[in-house]
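The structure under discussion is supplied below as structure tokens; questions concerning it will follow.
We call the chains A, B and C, going by the order they appear; numbering starts again at 1 in every chain.
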Amino acid sequence: MKLKRFKEIALDGTVRQNPTFRLVLGTCPTLALTTAAINCLGMGAAVIFVLVCSNVIISLLRNIIPDRVRIPCFIVIIATFVTIVRLFMDAFVPSLYDALGVFLPLIVVNCIILGRAESFASHNSVGESALDGLFMGIGFTLAITLMGIVREVLGKGELFGLHLWNFKINFFANSAGAFLTFGVFIALFNLCYNAVERKIKHKRAQQAQALAEQADASAEQTTNEVKEA
Amino acid sequence: MTGAEIAILVVFLFIIVAQVGAICFLLFYKRNKAKVVATKASQTSKQYKNPALISAVKAVAVLVCICLVCIALLALCNDLLYVTPGERFKRVVAKAYDFDSSVEFEELTLNNEFKVNADYGEITEVHKALDDSAYVITAKGTKGAFNSGSVTILVVVSNNAKDPTILGWALQENDKQTFISNIPASVQGHTAGTSWFVGESITEVQATVTPQTGAGKGTGATYSENAIANAVNMASFYCLNALGLGENPEGDARTAVMELLGDGFDGYTLSKVAFDDIGYGEDVPYASKVNDGELTLSFVFSANGANGAVVAYVFGEGEDIKVIVTVNGAVTATSQNVQETDAIYANVVAYPVFVDTQAVGGSNIPTILLVENTDDGAIYYVRCRSTFTPTDYQLKITVKNQDGKGVVEAIDVITNGFAPFGPAEEDANKLLTTLVGATSATVDSTFESGKVTSATESAKLITSCVKAALSHFDADHAN
Amino acid sequence: MDIFGIIVAALFSQNFVLAKFLGICPFLGVSKKVNSALGMGIAVTAVMVITCAVTYPIYVFLLVPLGLEYMEILVFILVIASLVQILEMVLKKFSPGLYSAMGIYLPLVTTNCAILGVAELVIANVAANTEGAFHLVGTIMGNAVDKWFVTSYGGAVVSGLFYGLGFTLAIVLLAGLRIKTDKLHVAKPLRGFPITMITACFMAMAFYVFSLI
């Protein structure tokens, strides 16, 4: 695979099409689980696993699955992997299993996963689909963990379960705080993203301009040379 | 069920489910896409007679295949990762107490008589550690406010016959407890110092944590605390009564009294009479108090029902308790170790405690403190206390003998329980005069006519005292 | 559980969107106009009731006796998807007017976590109350309405209905608010989702008060 394509998928997944902040998908777990950062990591891991596996399988089967039963097939495949994650967590990390609660089975209907299956995995090769799943998952995990850290520090005075100080604002641990934090995060992300994008555009434009000037100059030079000759 | 059986069942089930789903899709899409598919198919393969159907069958086949593979995978994973109920239970217990990992648990059948308590809640499960070290009790504490929500907790109690203590506890479930998150993990478990209740004897918990005040731990989740305290109390109540842990003199005494009462009194609920209410320990000679000696009064119980008012006196401690039961003031049964010549027997006969249902909350219990027989009657010193604000009346009641029945001749106040608010004192104590001339037959009607509004409690206490004196006099002069 | 408790909890203190965070996607996505929000809310309510009514017996009579609790996700999602399709077909055939009003939202409902969430919650109740099957038998045998409400099958269906109505309430309220906020001059980065989130934040604060009762 070309490095350029790899870069493109990685950047798309984590920043340009960040599922949480740019596409605003998978909002339910984002709002519900960000009270503790460690839950976010657990949720992220589960989502990455399901996303990569389902993307790979769907990509493998993309030529076999008839178009009309596409969605039920995707759902069955996703539900299988979610159940596997659920059984696994129940057996080995019961505390996380309890903390994620109803949101673990609800990964099935997380729009990120079905969305990626529909829009990416069913059109692209296995390797690219796996990468896309991985980076989309990482983008999701990073986003919710960031929110989780902010809400945990402000709402509970703790970080990853470690006690920091006694100062806490209960508002951020409540449901209203979740909406506010999420809204502010999207706004900040958009702000930064737009600023960076504008800068890049500007730079590109400058580069293009410089190139054009150079071309002009060289053209002038050649004409001069021609004249001199 | 073995893995193979499960797999077969699963396959069966899913063929059905997938077919239902497939038929739906087929029906739904037939109308929309039949034409498209038909033209497509006719272009590629003209030999099929019904291309739409063929393609539908293919779609269903793929869906079913995918389902089958997924099911097989899941059945395999479930076999590998299945968590047994025993393991699951151990996991929950681990939050409450560090058992050795090799310890297994056995579920005990619940004792139906003690598994529910109106004050505390109920017991849902009891497990015993098979190394005999402890009991794990799953108790549901009620009165957690909001629509009478509840909290279910696990309580680990050491299996120590004499002095069982609480080893640890953990929250398991809650119903409608909005602030349950205020109760942190650090107060649960079994850490000495930070965990609540840990190290406390179960009899102590019974005494110190009452359903009314809750645990008073100040987390901000007062009602949830209250429910937790109730659950702990429920667990210790069950330990004391059903599991036979710890010394439980009150429970033993209750059992002895109920045995003496026999079958006719099945529906009776014994309530404990506070010694304060019957004047025990005061300087005034008290009815059932034994001065000479070794025996002391341990408990007085009262109960009311169709067969009359029961008052039971329990003397002494442990195995050798002596029980005297009176119904309507007359001794009806005694335990075998009580003789009619005993001082306690004579005292109970001479100065019984009465139970009068005429009370605001529960029963008024007038106590006859002293009886002085006179030529034509008797003088009674009677005391009656209330839990409400006129608290304590002590009256000197002179009773005259009229054809073997007592008639009130005079009522004097020794201690006036009147609290200075509402009506004037003369009004509140109006019954002191209107009751003169009353007999046990007319006491109740005099109360109805002679009481003063807003001084009902005073009126009730006075009437209770007079009733006690009159019924004692009548019983004394009947033979 | 008493019926009034279910209603208050499902509508306000345990509101599906604002307290449980289920069904946020349609809550944010289909709340631009009051009419479409109402259509979505009614579609969700209808599917929730059907889901509760169907998944409960499937779980109690099929999965638990066969020891297949681990299949619940797969079975539920397939059953819900089929049901939604059937409902859509039925509406299209017999009530084109209703179909044009709410039919377009039905496919969206299938992959809505509120639906699978309500199924999971109902199942959690069943797991906590193992005599569920006997309640159902009692419900079928006895005709009294009050019996229907207090038994857990009736309770499951009723809670499905009121969770759905709670969702409708929240989404319609948000749509009403968004009509106002969309006209305001909001700082550019806050336009769109962020300002909607902040609006939802204030709604959540208001609904939170009900949980203190």
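Everything that follows uses one rule, which is that a residue touches a chain if its C-beta (ideal position, glycine included) is under 8 Å from a C-beta of that chain, and two chains touch if they have at least 3 such contacts.
Since we're looking at a predicted model, the values are computed, not measured.
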Identity of the most central chain, Cα criterion: C
Relative to chain B, chain with the most remote C-alpha centre: A
Inter-chain centre distance, chain B versus chain C - centres from mean C-alpha coordinates, in Å: 38
Interchain centroid distance [CA atoms averaged], chain A/chain C, Å: 27
Intercentroid distance (Cα basis), chain B paired with chain A, Å: 54
Two or more partner chains touched - positions in chain C: 70-71, 74, 78, 81
Shared-contact residues (touching 2 or more other chains) in chain B: 21, 25, 70, 74, 78
Chain A: positions in contact with at least two other chains: 72, 76, 79-80, 83, 87
Touching residues on chain A, where the partner in the complex is chain B: 61, 64-66, 68-69, 72-73, 76-77, 79-80, 83-84, 87-88, 90-91, 94, 173
Chain A-facing residues of chain C, complex: 18-25, 28, 70-74, 77-78, 81, 111-113, 115-117, 120-121, 124, 187, 189-190, 193-198, 200-202, 204-205, 207-208
Interfacial residue positions of chain B with respect to chain A in the complex: 21-22, 25, 29, 33, 55-56, 58-60, 62-63, 66-67, 70, 73-74, 77-78, 81-83, 91, 181
Chain C contact footprint on chain B (complex, rising order): 1, 6, 9-10, 13, 17-18, 20-21, 24-25, 27-28, 70-71, 74, 78, 146-147, 173, 176, 178
Residue ranges of chain C in contact with chain B within the complex: 2, 5, 9, 13, 62, 66-68, 70-71, 74-75, 78-79, 81-82, 85-86, 88-89, 128, 211-213
